[in-house]
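Input: structures, listed below.
The same chain A turns up in both complexes below, where it pairs with chain B and then with chain C.
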Partner chain A sequence: MRSAPDPSAARARVELLLDPGRAFAAAREAPRGEWFGYVLIFPGVLLIGIVVLYPVLQSVLLSFTNANLLSPARVFIGLQNYRQVFADAEFSTGLVNSATLTAAAVVLELVLGMGLALLLREKVPGIQIFRSLTMASWVIPVVATVMMFDLMVLPQYGLFNILLDRLGLKQFDVFWFGNPLTAMPTVVMMHVWRNTPFFGIALLSAMQMIPQELYEAAEIDGASPLQTFWRITVPGVAYVAMIMVIIHVLWTSNNFDFVYIATGGGPVDSTLVLPVFVYRQFWQNFQTGFAASSGVVLMLALMTFTILYVTRVREREA
Partner chain B sequence: MLSRRVFLKGVGAAAGAATLSGAWSLPGLKALAAVKTEIEFWSTPFVSGEVPPSFVKWFGEQQAEDLSVIAFTASYGPGAYNTQQSKFLVQAKTGIPDTLEGLLENMVAYIKAGDIAPLTDRFNAWPENTQFLDSTVKGLTFNGQLWGVPYNTNARVLLYRKSILQKYGLKVPRTWDELLETGSAVSAKESGMAGFMCCTNRASVRGPQEWISWYFQLSRHMFMQDPATKKWTVSATPAQFAQVFELYYNLFYGGSPSASSTTSLGIDYNVLDNGYGTGKWAMVPEGPWMYAQRLLGPQQAAIINDTGIAPLPIPKGGGHGTYLEIKPVLLNKFSKHPDAAWRAIQYLTSAKVMGEWAFVSGFIPPRKDVQHSERFRNSWWQKGFGEILPDGVYLDALNWAPVFDAIFDSLQTVIYKKATPTQAGAALHGKLSQLASGGML
Partner chain C sequence: MTRRLSVLRVARVYTLLLFYYGFFLFPMVWIVVTSFKTTGAIFSGRLIPRLSDLTFTGYQQVWQFSPFLTFFRNSTITALGVTALALVISSPGAFGLSKYQVRGRRGLVVAILASQMLPPVLILVPFYTLVVTLGLSDTYVGIVLAHTVLALPFCMWMLKGYMDAVPSALAEAAQVDGCTKLGTFLRVMLPASAPGLAVVAFFAFTVSWGDYLFVSIISGSNRTATLPLYLFQLSNSLQLRWDMIAAGTVLTVLPVVILFALVQRWLAEGLLTGAVKG
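On to the complex of A and B.
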């Protein structure tokens, strides 16, 4: 008989991945046989290090220059780009919009993903097929997703507007991507539609690792379903939820294609997010150095968030 | 069953017989034996579907038959001009692609980056150079050098539904005021149809191209260059910009109902084109690519047949002027086979290839011999656009990307009522002056 997976062991492995210092310490203290495992992963770690570190270093170096894509001349200008970035009104708009989009999308994905996971956990006929189908939105290419939404939000003949018309809400029949009030919520909706199933499946797998005995004990003690959910399910999935939140905060903050294809950052900058801002500086204004400094600021903001969030979650768990 | 020994004997005998009979001299087999220089040509329309796949197939077959020393690879690069520009700016120095087509705006960026080769000497030595329209060659000449060979030219015009205007006794608008009146009348009378529509999506290059068409009716230049320092300054006035913004404002908010529906604000060129093809708007500022709509279905074919072509309406005190698009084929300065690449450019801009390409896509061929050929003379579509071509104004040789960006930023403030046309005109003038003084152009 297969033994139940040990959640604490899986968690320890994830923690090692998140903390290279501890990983190296663990490797030093590892018994002889385990060294072979570290040797096996070394090329992969080295490759990722080169692929990730080299571009990051290049961006940081570029950000201190006046580099321009159309001109080979490049001069070191110190912090001038950074001063310009923080004085730029469009950058501020991009920062606020990025934070709004990320917060709204990730919170909704987490809440709806939890609901989906609870639904998928039910043992009803056909649930396996339903579990497979839920990932459909994840595998559809981003361009196709945007085109699909673009068609659905068209005035008069888009699906959403037809439904609004039927409900007697004809006054809201507008092109949702073309209206400053509805453009950002529609972008959030696309993110949620695409990513919620991923949250759902990840949280479901975490739920399946919670020992059944805990639920049985809670039932014997007379705990209500809500108490069971808050006291057993939520703590049981908290760690996976944290990982998912970090991943999706990074993905959503860095996401370019959804916004650029759907709205280009408009109308009147209502969906201008930082990756689109960086793109405009790089590919439209060809200001490579300035674009790099904007990218570095975004990277630092995300690193700060990740460190603070992980520390806070660990403190709460401790 | 055939044994391996018998099979090999048969192959040997056949090869021997072929050698003795001289079959290796057959053209097909000879072509197989010859080594052709492979040329990579990037063409956005080949990939984006702007030209029918049947033409791309035709091109592949024809070039294999027609060209003895070069062969085009079957890879035609990215399917969008902005992606093509990004990729080319990054990888041109690898020598790939050898040639590419693009927009005039892209070409200026490539010249500034030093990624394309001047073609003046090669073009002057080509006996067919007299066939190309002077205006298109002039449009691709900067600082005394020719940088591309034109293969496509077109102008923005007013496309309108003849039956709709006729149904309500309306005339084709000739002035901005008439455009607003006619558009408003159609919006009021024809259910589910806006009188006029244009592209207002932030990411769509079509928007600024349309905007500048209206601007060219007020002035043929927006910037002027100091011949000595080569620095650009803004020659347009805030009042001229404000006048164009006023037109947009009135299109969306003037009249009751307005000529253009605010519910469709923010649409991109796909929605604009398909909206006209499916009867959502009665008038649009468009180019000749709309001819391809007829291939999408019977409804679109009927609407294209019901379409009239007219110059864009003009303002009081203005003159005819419209954005003239000239698409060139360019030679990568770092191509490892520049002579073969030049041969490829000659083939792409030959009467045969240009003629077929223009005919299926609907654009105006910039070669006189193609324009004078029977099928173009008899085409009402090409004829309609050809008559308006002299109104076309080509863009000055500067970096238009940040200019278009600034235009669109200001335009959005007007159409979303965040600024008055006067405020937007002043803001745009300020932004462009800043770009010019900062050496960004």
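On to the complex of A and C.
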């Protein structure tokens, strides 16, 4: 048997995320545990420590040096890389593209996911089949998704263009990944295709935890469906929606392979996002220090976003 | 809703479902159909293939005349290794975080969540240096380590959610009955969170099976490279063979789809257990 859901515990955890001082105090307050507990968590902590924490710290250090993959000499140069990052036109392009991609994809995923959840809540015959198929696009490899879309957007022979031709819109027949105007929307579409199901399923679970009595009371009071939706359903799923938005903003901004495999950042940098920019600096220009500092900027931007977003949600609830 | 559904409402729901699932499923259907077409048929612009358009050439080319099998073997070894390692590390870890008063427990859970903020591209260079220093470049061990760490934070978080739901009284009762600490973990906690373990195993497997970034850095050659690199190479060759790309993609997706069918009824709950259940 599962215990009763306790959203407040999860909420407290997210709040701790924003408040290192309190998290630290909470950690110290915890009563001394048995030694076996430490044995249990040791391997995980060790592995994450070595393979994540060490490289991150190392990257932060690198970002203050003129490190280059081709020469071993390494000199501390202070904030020079950071100055260079903010003066770099390509970095600005990457920043704008990353923000555009993330905002467009996450907003669409949230809205479409909400619609999907409302549909999946309907008790029509066979709905279980739809529910069980939903996550399929989320589990398959990103590379495979890119190949599927690549195949659909081919000039002349791709599905999109075949359909356009049939509709008599032959003049719009382009290679969707190869055209600066359509490349970014196509990348957004791939993200939406992959992540909307997760939003739908998550919001559906949240809706199913809203007490049925609320809806019954609303019906007795003669509330319209629209009122019921805004006054009961939306507040009921707000917390899960917030978690999903945060996770997906992080995942989408940090995502590398969708863009790199589909377009490599082109055409003419129209899909150049920050992870691809960082990767290029590392492996094509070998500018390790410079690449590290641009990666650190991305990380700081994401941290700032998360803190601001959660604080605002908390203020509005208070 | 206890209200009876009107025919109109049902029709509306089905129509909208058709739009959604048309969008979700059509790309998959299209590539499966393409994988059975001749090259000529792919470039004919026909929507419905004729009987003479159908062939197994794509699969035959991929299977016999390309290094697909090597990549498939590498993917299988790596993904199974990652799954095993992720289970062995995350299940005791989640148990410790869930049922023991470990010092710094809440800070650790926060750190696990916060690790999702780190851009993977940021850790590439130091990670690469580490792998080279340890002599692990172009080895399965290097890739398995990288993928395990990618999957581990989410695995631990999910499993902790599952184990939080197992009543502490159950574990205590087992100890009273003379079960050792290890015995309690193995015979009580693990069976009680079996669906969670299935979801975590599946998640770790798909993370490894689908990763391109870390494999592209660690694998210097095709000796250890996995299927995403194979597809990337196919799609970047001078002469694009769409029948081969389609067939290769279908064969890459197939194992994941089979596993997905097995765990799908626990998947949604498992992924959300940390977020929704608290």
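Throughout what follows, the second predicted complex is superposed on the first by the 266 of 318 C-alpha atoms of A that agree within 3 Å, B and C clash if a C-alpha of one lies under 4 Å from a C-alpha of the other, contacts with A are read in each partner's own complex, and residues count from 1 in each chain.
Here is the rule we use: a contact is a pair of C-beta atoms (placed from the backbone, for glycine too) under 8 Å apart; a residue touches a chain by one contact, two chains touch by 3 or more.
Because the structure is a prediction, the values reported are computed rather than measured.
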Subject >> More chain A residues in contact - chain B or chain C >> reply: C
**OP:** Could you tell me if A:Gly44 is touching chain B, chain C, both of them or neither one (first, second, both, neither)?
**Re:** second
**OP:** Check the residue A:Ile261 against both partner chains and state whether it touches chain B (first), chain C (second), both, or neither.
**Re:** both
**OP:** Go through the superposed model and pick first if A:Arg316 touches only chain B, second if only chain C, both, or neither.
**Re:** neither
Original post:
Now for A:Gln156: first (chain B), second (chain C), both, or neither, which partner does it touch?
Top reply: both
**OP:** Kindly classify A:Met303 by the partners it touches after superposition: chain B alone (first), chain C alone (second), both, or neither?
**Re:** second
**OP:** Check chain A for residues that touch chain B in one structure and chain C in the other, and list them.
**Re:** 69, 150, 154, 156, 260-261
**OP:** Would you pull the chain B residues touching chain A in the complex into a rising list?
**Re:** 82, 85-86, 89, 109, 112-114, 192, 200-204, 261-267, 271, 280, 399, 401-402, 404-405, 408-409, 412-413, 416, 418, 440
**OP:** Going by the contact rule at the top, pick out the chain A residues touching chain C in the complex.
**Re:** 1-3, 5-11, 13-14, 16-17, 23-24, 26-28, 30-34, 36-41, 43-45, 47-48, 50-52, 54-56, 58-59, 62, 69, 112, 115-116, 119, 122-124, 130, 132-137, 139-152, 154, 156-157, 159, 162, 165, 193, 196-198, 201-202, 204-206, 209, 215-216, 240, 243-244, 247, 250-251, 253-254, 256-257, 260-261, 274-275, 278-279, 282, 288, 291-292, 295-296, 298-299, 302-303, 306
Original post:
In their complex, what parts of chain C are in touch with chain A?
Top reply: 1-2, 5, 9-10, 13-14, 16-17, 20-21, 23-28, 30-31, 34, 42-45, 47, 88-90, 92-93, 95-97, 99-110, 112-127, 129-130, 145-146, 148-149, 152-153, 156, 164-165, 167, 181, 185, 202, 206, 209-213, 227-228, 231-232, 235, 242, 245-246, 249, 252-253, 256-257, 260, 264-265, 267-269, 271-272, 274-278
Subject >> Footprint of chain B on chain A - complex, ascending >> reply: 69-72, 150, 154-156, 173-175, 177-180, 183, 260-261, 263-269, 280, 283-286
